[in-house]
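A, B, C, D, E and F are the chain letters, set down in written order, and residue numbers restart from 1 in every chain.
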Amino acid sequence: MIRGLYIGRFQPYHNGHQHILEEIARRVDEIIIGIGSAQLSHEPSNPFTAGERLLMITRALGTIGNPVYVIPIEDLHRNALWVAHVRSMAPRFDIVFSSNPLVVRLFGEEGIAVESPSMYERASHSGTEIRRRIIAGEEWESLVPPAVADVIREIDGVARIRQIARDDGDGRCL
Amino acid sequence: MIRGLYIGRFQPYHNGHQHILEEIARRVDEIIIGIGSAQLSHEPSNPFTAGERLLMITRALGTIGNPVYVIPIEDLHRNALWVAHVRSMAPRFDIVFSSNPLVVRLFGEEGIAVESPSMYERASHSGTEIRRRIIAGEEWESLVPPAVADVIREIDGVARIRQIARDDGDGRCL
Amino acid sequence: MIRGLYIGRFQPYHNGHQHILEEIARRVDEIIIGIGSAQLSHEPSNPFTAGERLLMITRALGTIGNPVYVIPIEDLHRNALWVAHVRSMAPRFDIVFSSNPLVVRLFGEEGIAVESPSMYERASHSGTEIRRRIIAGEEWESLVPPAVADVIREIDGVARIRQIARDDGDGRCL
Amino acid sequence: MIRGLYIGRFQPYHNGHQHILEEIARRVDEIIIGIGSAQLSHEPSNPFTAGERLLMITRALGTIGNPVYVIPIEDLHRNALWVAHVRSMAPRFDIVFSSNPLVVRLFGEEGIAVESPSMYERASHSGTEIRRRIIAGEEWESLVPPAVADVIREIDGVARIRQIARDDGDGRCL
Amino acid sequence: MIRGLYIGRFQPYHNGHQHILEEIARRVDEIIIGIGSAQLSHEPSNPFTAGERLLMITRALGTIGNPVYVIPIEDLHRNALWVAHVRSMAPRFDIVFSSNPLVVRLFGEEGIAVESPSMYERASHSGTEIRRRIIAGEEWESLVPPAVADVIREIDGVARIRQIARDDGDGRCL
Amino acid sequence: MIRGLYIGRFQPYHNGHQHILEEIARRVDEIIIGIGSAQLSHEPSNPFTAGERLLMITRALGTIGNPVYVIPIEDLHRNALWVAHVRSMAPRFDIVFSSNPLVVRLFGEEGIAVESPSMYERASHSGTEIRRRIIAGEEWESLVPPAVADVIREIDGVARIRQIARDDGDGRCL
């Protein structure tokens, strides 16, 4: 039995993430999805709470048959301890899927296998682009699974992103 | 659609928890299980990591048909902020199930409905009793779902509990 | 111009504190009252939030003519830094009033003058005794200024103290 | 009885703040002033300690007759918990006055009334402009109440701002 | 080249520690001494700062010829991350010397070799006994290396221990 | 006996630091070297752990005869408490050597003597320049003591710096 870990911030969860997860689902038996920076929300780059992101992911996963664990991971602000932190919050895993050089390095230094999934239309399928479109009033729903668009609407997410984008200050966490 | 929250430390998850969850499953559509004190492990009273507890719970839930979200909740050490913390980590919920007076009070002060589930053979079905039996070398497997006993065996949990119980000091977290 | 500092947890503010403050008011021009362990509340030994304690103190101070600053001080859990922490949160002060040996030691090591106020009916005028009487249903209002009894009633403080006292567990902060 | 909350960093407290408070004083019975980012000081953008800012505010408030509570509020770095944090440190309040979009959003999501006060010569009456003038050696005293200029002089604030502005590094907190 | 790690709280460093280090010195080329709970001081069980303990150890090590690294280690309060924390603060090490069951377990779970040094007159050579003797006014100097007694005298350590022992409260960290 | 403190981040320790320490060695009897931001590593600007930096410094100090204490100092993110923090982690010191305006200010406000050492070929002898050269594949070994180049090679430091420099995101700590 092979268990794979996939970590992202999912601000929001989008078609690029979904595509990668479908690839991972063919490679492993069980999938752990780590929601990074779980403690952040209501920031221009991190608008959604961990609970909201967890709901987006769970609802969108319908078509994936593998058992999936979705786990919020709070930041530690200590890179050297981060792998131990993730391991303590998740069931044991055999392989990590990530394209982030820091994540690749940290798991690699601990001797854990890491694979970089192929990217899927990265330019448009990024949280940054989706948040930009929402603020600009452009079409964004086609970039996320329908279930995610539903969740964003339910939680009044569009209004939240637009309002905190007006922050004249440093947009930082209070 | 009604979503209910049930919070515990699950050190370990046992038949008493399972019994309460079966009750809750008849009351709500979806269940959120919060794993409290998620950051603690390797202590006499908190031997298992959040990831290990999450695995116990997920494996034991097989017979419950409702959608279930299992979420580690780290301690904040600030009671007045705890409800907001739980809400930020979990999808929106309508009702909380708890018999802990502090949890009942905190959610109650925020105007959230709380119900106290009936207890199930509390004396023996407690984490304290199970940990005591493991240290004493007495029979304990009958107090937990078979899947939990499997997980504890897989992670070498009996040896861990016995070893840290020998702590001559204050048994505190390092 | 002499400014004096008086620190306590004020769980709740009572006649003993009031008596000491009246003494201090005759000794200094301005008074700083530090509310210690400001982040704690809803615990058997720390039932009230900093905001609730601040309200009790401010309302009860009516008869003291000196300018008073009431300042919540969160715990740092690092004794060697605590004096610097208090100094950063308060206006400059010339003298500290305390009978707590640790507080006396910490300010003394920094070369700050400390005086121990005479105690006032300590046995009954203690937060511990007042909280015990509230739980037991005994008379407690005579031990606090009338304005404090009013605040405790307004915030439903009696019910809170009784409810969290039933905590069957360790009564610790979540 | 209506109690209003006004939050700022007050680095330093200036005529713009004073003007807004005079407006608020006509709207509510009691005023709570929250000193945000209370734990920061000795940074180019946050030169003064919470205690120094509290002193500036208290001395400048002479002309306002309403009862005022001035309360340091440390950052939590978790936006979703910030409203609960403020509420735990302050007496109950009925309305919040703020023009900061994030603050407006956070209190709004909790169902708390928020009003945006009219701005008062915002271009020059900002902490950024005052700190810039102090570093440049330009006139700045006319932008703050006379009592604030006195406090800044007493605490050697001009020299402090100029010295830490020379920071060749990232100016970050140690 | 073999490097060994030895961790203790050293409140204070005593002959038992010195004896164990002499044993370790015969087993490894270089020694890392970790000062645990480095952030604690001025508590009845943790009277000395990390800097004071570091000075005691360095002065007493005169007779040990091996290169020695003395490193303060702050508590994390997360056992599952503690080994990674120690590793990030220290040069790479090959073996750990400890008799503490929790430390043995944590390093063991990470696959790091641990040896339990033989104890040296444990009953009297313990920090608890030395602190008790200091409070009681009994002879204690013979239980510590002469250099440690010198440091304790220089920093007024006897008066500090006696004063904070009078703490009528819970003796906890502020 | 005069003890001097010298604080830096040492990412990595280089000839400029070595030159300054040789100057300090002629001025004081004993030297404390504080490794700042000890908790950071695996970041583009902070690639090395405290333990790795400690090893670089210790190995390079061979030619300095004075007793030296090398102490990791974690960030507190509260400038007003930072001097007390450093003092708690280090043996008592009489003078601080620093050219950082913030460090100079903070120790100065506490009445501690500070001297700014003369700079040594600052343009090229900076951590920033060395990290830039490593990423660019340019010669960098001549800017650090030979022992430091050895340590960086042993810990695979060149590959680490290059890999985390590819970080497409914000390069922030997880």
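Keep in mind that, in the parts below, contacts are C-beta pairs under 8 Å (C-beta built on N, C-alpha and C of every residue); 3 or more make two chains touch, one makes a residue touch a chain.
Computed from a predicted model, the values in this text were never measured in an experiment.
A.B. asks: Using the contact definition given at the top, which chains are in touch with both subunit A and subunit D?
C.D. replies: B, F
A.B. asks: Express in whole angstrom the distance between the two chain centres, defined as the mean CA positions of subunit A and subunit C.
C.D. replies: The mean C-alpha positions of subunit A and subunit C differ by 45 Å.
A.B. asks: Could you put a whole-Å number on the gap between the CA centroids of subunit C and subunit D?
C.D. replies: Comparing mean C-alpha positions, subunit D is 26 Å from subunit C.
A.B. asks: For subunit A, write out the residues touching at least two other chains, lowest number first.
C.D. replies: 39, 41, 49, 76, 78, 80, 87-88
A.B. asks: Draw the chains as dots and join the ones that touch; what shape do you get: line, ring, star, complete or other?
C.D. replies: Graph shape here is other: it fits none of the named patterns.
A.B. asks: So which chains actually touch one another? I want all the pairs, not just one.
C.D. replies: Pairs flagged as touching, ordered by label: A-B, A-D, A-E, A-F, B-C, B-D, B-E, C-D, C-E, C-F, D-F, E-F.
A.B. asks: Touching subunit D in the complex: which residues of subunit C?
C.D. replies: 38-39, 41, 49-52, 54-55, 58, 67, 69-72, 74, 87-92, 155
A.B. asks: Quick check: in the complex, which residue numbers of subunit E touch subunit C?
C.D. replies: 39-43, 49, 160, 163-169, 171, 173-174
A.B. asks: Any idea which subunit F residues touch subunit C in the complex?
C.D. replies: Checking each residue of subunit F against subunit C gives 76, 78, 80-81, 83-85, 87-88.
A.B. asks: Once bound in the complex, which stretches of subunit E touch subunit B?
C.D. replies: Within the complex, subunit E contacts subunit B at residues 36, 75-80, 82, 100-106, 109.
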